[in-house]
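Please go over the structures that come below.
Each of the next two complexes has subunit A plus one other chain: subunit B in the first, subunit C in the second.
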Partner chain A sequence: MLGRRSWIGVGTIATLLAAWFVLTTMTGIVSPARFPAPGEFWTSLRQISVRGYAGGQLLTHALHSLKLVAMGFMVAILTGVPLGLWMGWSRKAEAAINPVFLIIRPIPPLAWIPLAILWLGLGDAAKIMVIWFSAFVPSVINSFAGVRNIDKPIIEAARMLGTPRWRLVSEVIAPAASPMIFTGLRLSLQAAWTTLVAAELVGALVGIGFILNMAQQDLYPGMILVGMVVVGLLGWATTWLLGLAEKRALSWNMAARD
Partner chain B sequence: MGDASLSLRERLAWGAFGLVLFLGIWTFLSTSGVVPGPFLPSPLEVLNRIIRLMTNPFAGATLPQHLASSVQRYGFGVLLAAAIGVPLGLLMGWFRLLDDIITPIFDGLRFIAPIAWVPFAALWFGTGIGGPVMIIFAGAFPPCLINAYRGARFVEPRLIEAARMLGTGNMRMILEVLLPAATPSIVAGLRVSAGLGWQSLVGAELIVAAAGVGFMMVQAQANVATPTVMAGMLAIGVIGMLIDVLLRQGEGWLRRRRGLEA
Partner chain C sequence: MGSIRFDKVDKVFGPKAGGVKALDNINLEIGEKEFVAIVGPSGCGKTTCLRMVAGFEAPSAGVVSVSGKPVTAPGPDRAVVFQQFALFPWKSVRENIELGLRNKNLPAGERADLVASALKLMNLETHAEAFPHQLSGGMQQRVAIARAYVLDPDVLLMDEPFGALDAQTRVVMQEELVRLARVNPRTVLFITHAVEEAVYLADRVAIMTRRPGRIKQVLDVRKIRQAENWDKHPRIEDVMDLESFVHLRTQIWKSLREEKSANVI
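Then we have the complex of A and B:
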């Protein structure tokens, strides 16, 4: 049975869809040049799925964007998490790296886009670079904070038992810091999508942002809406996947958190 | 942790070491020709360019003028987000029905990156001031709403019960009970909003704008004027940091005034 809350939710969405239809198709209060009618949205969706738009079919664009986010995100995890763990572990590393970080951190990842295009062109490499940058900072900060928040006695106990260094890192520090690390990853993922869309809007040859860019230039509201819906769906799907990974990785910790 | 705590002196020494290493590698890469000159100017060149941009216009305006038009748009967008987000959040925290209606819409829109609104923003409000303001709004709005809502939702129930018993109406309840109690949460949300808004502004200006730092950087990129691109990045970083510092000050002032801190 659905609760009261869900019923109202369903009702709201239904009302919105109905209002969309009434305002556009039925009465024309909202001009189709400003916002597409449901029919136009459907036509655009069919056009891009079957015949393609902006040089490819929807699936091609979506998979390309997904691939770039996955790659940039992976590189950010592989570099950011170890760096954050190291900075959390070693005060010297923290003291040496922090000032550099303080200079770079206030620069929003999106501001790297022109430089990335200058260095690497309009292809995939530039996008992966900016995605890496956007996802890197939250990974480092949260991994760092994760290590710093570990109860000291845990580390001391492990040390007293003569745990060798690499086991200390892989079996004590990394797991204890992992809830915070995952919080960082969730922020990273969000930042990665935002950055990708922006980078593709600024300059690309394929991808969701490129669809949006072309649709904007063609003054094609139906296709703009398709692009936005796909951006939202991909963001939602990847966040869901990350949540699944988190649940698996942190199953030992879930009971304590609930 | 791994090693004992460092004294202030050691910290400074390590910090200086890190900075020197960073700037040293950067200078080496640019002057030795490992990276071709036009693509990586040395730190000194970037500094020189900033000084020159102070008086010499690029892409139609000097750096301070570009910054002024960026900050103006930014102010509009963030104020608009706060002016709508905070009251709406408080109302949602008080009226259950409103909460049940808005939350599903909000959850549906949450996953769309603010920057994806750019095409509609350009279509609806043009590329002058309206379009960028809408993007800033899209970036800054969610934290305003969420934090006001949470702040209002988690008010000490005893306060609400006491106020109710004294016959407080809805309006006064929101203004005189929920708002003050939610203020710390709202202020924290505003700080997040300010940061996200600044980031959205940069994105918006890269794509649709005819002035502003982002616009300057895109133009510089098209002309392979790398020092100007880097100057823009630095300016964006500095202003972003200033905004955060100012808001922190404001937050501290508010906390002290309310006696939350000695």
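Then we have the complex of A and C:
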């Protein structure tokens, strides 16, 4: 079951929850106007789960956000990883693409929102585009670095064995770079969630960002906290799933890491 | 098939003018099924010689040819065994050995037979499904040698293959290589800085000067080995004890030492 280190983590979370209860409900050191008490959080959670809030139940909002993140993330890794691998492998590709990349990279993903809305309207497509842009960068950079850090003899061994180009990419370069690629995927996923909430704050009709937006306008701290916690949990769950996939894909690498 | 020829080979690293001259007028012929070791002080360019035969580097002047054809690119006719093994860690032992055969588009049945015999040759049968990280350094280098041998290459290029192994494993692998050379002789270019290893394994030993590397002397070990009947001793330490062995080793050692002291002055 849970290992020793996991129990320490559970202990920390339990302590924080207890402190929350003590500081708000028990002693009132933190006033409910500044930070909602556990009771208020629970009431808000029940309200949105059963009766709904901001035009839908929690599940509807959460699934919608999850869908946007999943789509933006998928598009980002399907474009970012191959581009990064290509730039890592071909000095010419790097020379051609890197200057553009260096200029685009410092632009915050959220700065694309106005343009995305202008191009794609207020619907999901614009949000997916913004999530894609933010999740794209870590995938490219880490895949690129992954290829550049491959031990030279590994590539030389593959060439000595007469490995044709496509097999060199699929059976040597991609697996050799895969520990770094997965690091990129994890950062991309984080970036996708971060950007999602911001993208939904602008012109959404459903989703967790929309919950946060409505709760802010309603001066409803309990519901704001619900939205935040849900994003946190969804982010944690998707990262955990990605971790499982990584463990499966990199089983050959695990001994070296521990 | 399987001769190697260095013909007036120079190698300069860096810009054409003002670069570092690593090799200067290398001339060497290695006959078919001959085992030649190159020894030399570190940085003398001996590994560069091997890398040019492998096709990883091109000569700055002169020609490196294998079986009469100039080398242009790496290929499975010139199998390389690297000092750091260079196995694919995500592939099992079997998959590592099989990759070169798949690249040759051999049918699955034939591949399985060849892999099985390579595993047997290197005593790896019980480790076929293991991953490299589960094996000791000596075992990993056995896999790398099996991966090279299974290609049935014209020449075998070994770049300090036992340099990363501990002393005991090293001795076992040296004996193993002698056994292999008897069962399945190949043209071998063997790079090492260990003089004893070179004398024990090679038919001829080429001694290089310090940078820019030149071939200073080529010693024929074969004649002495046959005359003194080294091969009747199954163990390496018994061969290394023979007067003829010690004499040769000392001769090479002195020659190398001149290079090192010249380097200091």
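Here, the second predicted complex is superposed on the first by the 227 of 258 C-alpha atoms of A that agree within 3 Å, B and C clash if a C-alpha of one lies under 4 Å from a C-alpha of the other, contacts with A are read in each partner's own complex, and residues count from 1 in each chain.
Quick note on the criterion: a contact is a pair of C-beta atoms (placed from the backbone, for glycine too) under 8 Å apart; a residue touches a chain by one contact, two chains touch by 3 or more.
Everything numeric here is computed off the predicted structure, so don't read it as measured data.
Legend: residue contacts after superposition of the two complexes on their common chain; A:V22 is shown touching neither subunit B nor subunit C. By the touch criterion stated above, A:A14 is placed in contact with neither subunit B nor subunit C. Touch criterion not met for A:A125: it reaches neither subunit B nor subunit C.
After overlaying the two complexes on the shared chain, residue contacts for A:P114 are found with subunit B alone; subunit C is out of touch.
If you count the residues of subunit A touched by subunit B and by subunit C, you find the higher number for B. Of the two partner chains, neither subunit B nor subunit C is touched by A:L59.
Once chain A of one complex is fitted onto chain A of the other, the partner contacts of A:L78 are absent, as it touches neither subunit B nor subunit C. By the touch criterion defined above, A:W252 lies against subunit C but remains apart from subunit B after alignment on the C-alpha atoms of chain A.
If you check the complex, the residues on subunit C that touch subunit A are 54-56, 73-76, 78-80, 82, 84, 86-91, 99-100, 102-104, 131, 133-134, 147, 151. The part of subunit A that touches subunit C in the complex is made up of residues 151, 153-154, 156-164, 167, 171-172, 175-176, 178, 252-253, 255-256.
Every residue of subunit B that touches subunit A in the complex is listed here, in rising order: 1-6, 10-11, 13-19, 21-22, 39, 97, 100-101, 103-105, 108-109, 111-120, 122-124, 198-199, 202-203, 206-207, 214, 217-218, 220-221, 224, 226, 229-230, 232-234, 236-238, 240-241, 244. Chain contact summary for the complex, subunit A toward subunit B: residues 4-5, 8-9, 12-13, 16, 33-35, 88-92, 95-100, 103-104, 106-115, 117-119, 147-148, 155, 190, 193-194, 197-198, 201-202, 209, 212-213, 215-216, 219, 221, 224, 227-228, 231-233, 235-236, 239.
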